[in-house]
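Before we start, here is the structure in question, set down as structure tokens.
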Amino acid sequence: MDKLDIDKIEKIIADRKKAYKFFATASTVFNSFLEMEKLTYAEGNISTKNKQLIALGISIYANCESCMECHIKEALNAGATRDEIIEAIGVAIEMGGGPATVASRFAMNVLEYYFNK
Amino acid sequence: MDKLDIDKIEKIIADRKKAYKFFATASTVFNSFLEMEKLTYAEGNISTKNKQLIALGISIYANCESCMECHIKEALNAGATRDEIIEAIGVAIEMGGGPATVASRFAMNVLEYYFNK
Amino acid sequence: MDKLDIDKIEKIIADRKKAYKFFATASTVFNSFLEMEKLTYAEGNISTKNKQLIALGISIYANCESCMECHIKEALNAGATRDEIIEAIGVAIEMGGGPATVASRFAMNVLEYYFNK
Amino acid sequence: MDKLDIDKIEKIIADRKKAYKFFATASTVFNSFLEMEKLTYAEGNISTKNKQLIALGISIYANCESCMECHIKEALNAGATRDEIIEAIGVAIEMGGGPATVASRFAMNVLEYYFNK
Amino acid sequence: MDKLDIDKIEKIIADRKKAYKFFATASTVFNSFLEMEKLTYAEGNISTKNKQLIALGISIYANCESCMECHIKEALNAGATRDEIIEAIGVAIEMGGGPATVASRFAMNVLEYYFNK
Amino acid sequence: MDKLDIDKIEKIIADRKKAYKFFATASTVFNSFLEMEKLTYAEGNISTKNKQLIALGISIYANCESCMECHIKEALNAGATRDEIIEAIGVAIEMGGGPATVASRFAMNVLEYYFNK
């Protein structure tokens, strides 16, 4: 795996941590968002795994790289397989056309990153 | 259920049918898209039901009403429950903020439409 | 003012009320979103009026009609003038180009609606 | 052609006229936008016809219905054929996926409207 | 502050300068856009400071990093405080959900950059 | 030309190649997308050159950098001139406002890259 791609993923993870610390003290709106996030991905009528796959599809559609990193990691933690991640990417491609095929490249790298780890 | 909302849903269904007929003869790109669509939602490593829920999340995020109608109907056909649809809407709200809460109103109407039918 | 435009605005208001009732019992995520919303627009370092104008700019950029209705109404309630609303629309046009000039038409109707009331 | 679809197109045209009148006196930003618009679509290294087809592709991608009406009408005025419009829609579908196939339905109606006229 | 983040901000500033030079001679549309920009942010019924905060909200929603750099700098130049910037970010988070919390990280870095300067 | 900008363009090209290899074996949806892509840009009622310029306009609007690289390269291969590329960028600026002026900077770099080659 290309070192630049690994560095990019690890910078995203570090930046998220830094931002959470900053906004946790600076913004009540951000803290309120975190509570909404927790409620959203809890086990429910849809399993956490499948909720994470929904969020992954939206992340690719929205081309949000940090979201892809987060929702692929959490989907894998909740038991998703490599093939499930790839099919969720497929749904995003059907919904997002050309730009979604580009966004999928980062999802591919994240997948490789967590499988090599 | 408000007659205006029923009429809107039924016009979407009629418009889709009309457009499919038009583009099927007029556009090879459109026909190619339909093949991609079939492959995307086939039973696979992710079930058709869960793929439809991913597509529903993206549809709400993208505020595509015809997409919502289609993917809610297909999710229900594939066995999704009312509560699963509502939790998929929840993921879209977390990812899409205020405008997603607005788009969710149409999803709510579609859900009501198919449950009253 | 065109009756169709008045009806559209009033249907948006009625739909919001209906959806709030539905999601309030059905979705903990939605309830959590409402709390975040309250925190966001409270008087703070930025006044409620100016926060509503920020949200109006985003609403036009995102072409979210219900958001425009809500944030224009709340901006006016918080003391915004007609000229301030129009300048906030101007910022959205500079940021959103052609499609934002189209979205601004609905904002114009909402403005007229609340001034004729 | 469905009367509802004709009415929708004609309301868009009337709304545009009304908004131009309103913003022309109310907003210097809007007037400045109109100058930019004129420069953009003038005959140049790319013909007006092909510029309008570029704008049509973006309009479908952005799901801006008034933009579609405007850019299809202007493309036809500049000599575009029905088949050229349909191929421009094809590019938007490849770039925009599922939601672009939905937006294309309105483009189809506008095309029919100007050919029946 | 991370050197990579400083370099990124300074590259954005250098790239903007380079592009302005290039497009100023190459594109009448671009020059026309610059005139619209000047009109948009002039002191008016809304102060320049509050217009910049509206533009900042849209910039985060649109995930436009160069826009964030520009509108935070201009907001600070017009007298905005650190706490006002953070509350404008809050509005963008409420309107933009998860991806807006990610975009806010760059806004945070820009804020830190101009306060350390 | 800045080495960082050259490296960025060349990494996009390398990443595309890598992703095509990966998804070609992993995803039937992706392969189906590639067929749609071929049909979309074939010579037709609109020339390949002008189709590529439509796609370029959408790429800038969508801020898809890999799409810009691809569609500028293919437009040049199909005979587009530097001035035509710049006018297509102009259409995207009119449709996309401030964020499109930012996206245009990358298009400018790609243009320079292929002219210096």
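When the chains are written out, they are named A, B, C, D, E and F in that same order, and each has its own residue count from 1.
To be clear about the criterion, contacts are C-beta pairs under 8 Å (C-beta built on N, C-alpha and C of every residue); 3 or more make two chains touch, one makes a residue touch a chain.
Bear in mind the structure is a predicted one, so any value in this text is a computation, not a measurement.
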Problem - Reference interface D-E: repeating pair among B-C, B-F or C-D with over half of contacts shared - result: B-F
Practice task
Pick out whichever of the two, A-D or A-E, is joined by more C-beta pairs in contact.
Solution key: A-E
Completion exercise
Chain centres computed over CA atoms; the one at greatest distance from chain C is chain F
Handout entry: Chain centre separation (chain C, chain F; CA means) in Å
Key = 36
Exercise for the section: Calculate how many whole Å lie between the centre of chain A and the centre of chain C, each centre taken as the average of the chain's C-alpha atoms. Expected result: 30
Handout entry: Distance from the mean Cα position of chain D to that of chain B, given in whole angstrom
Key = 26
Practice task
Any chance you could list the residues of chain F touching two or more other chains?
Solution key: 28-29, 33, 36-37, 39-40, 55, 59, 62-63, 67, 86-87, 90-91, 93-99
Fill in the blank from the handout: Interface with chain B, chain A side, in the complex: residues 36-37, 39-41, 44-46, 50-51, 53-59, 61-62, 67, 81, 83-84, 86-88, 90-96
Exercise for the section: Mind listing the chain B positions that touch chain E in their complex? Expected result: 93-100
Problem - chain A - residues contacting chain E, complex - result: 11, 15-16, 18-19, 22-23, 26-30, 33, 37, 55, 59, 62, 64-67
Problem - Residues on chain E engaged by chain D in the complex (per definition of touch) - result: 28-29, 32-33, 35-36, 39-40
Completion exercise
Interface with chain A, chain E side, in the complex: residues 4, 63, 86-87, 89-91, 93-94, 97-99, 101-102, 104-105, 108
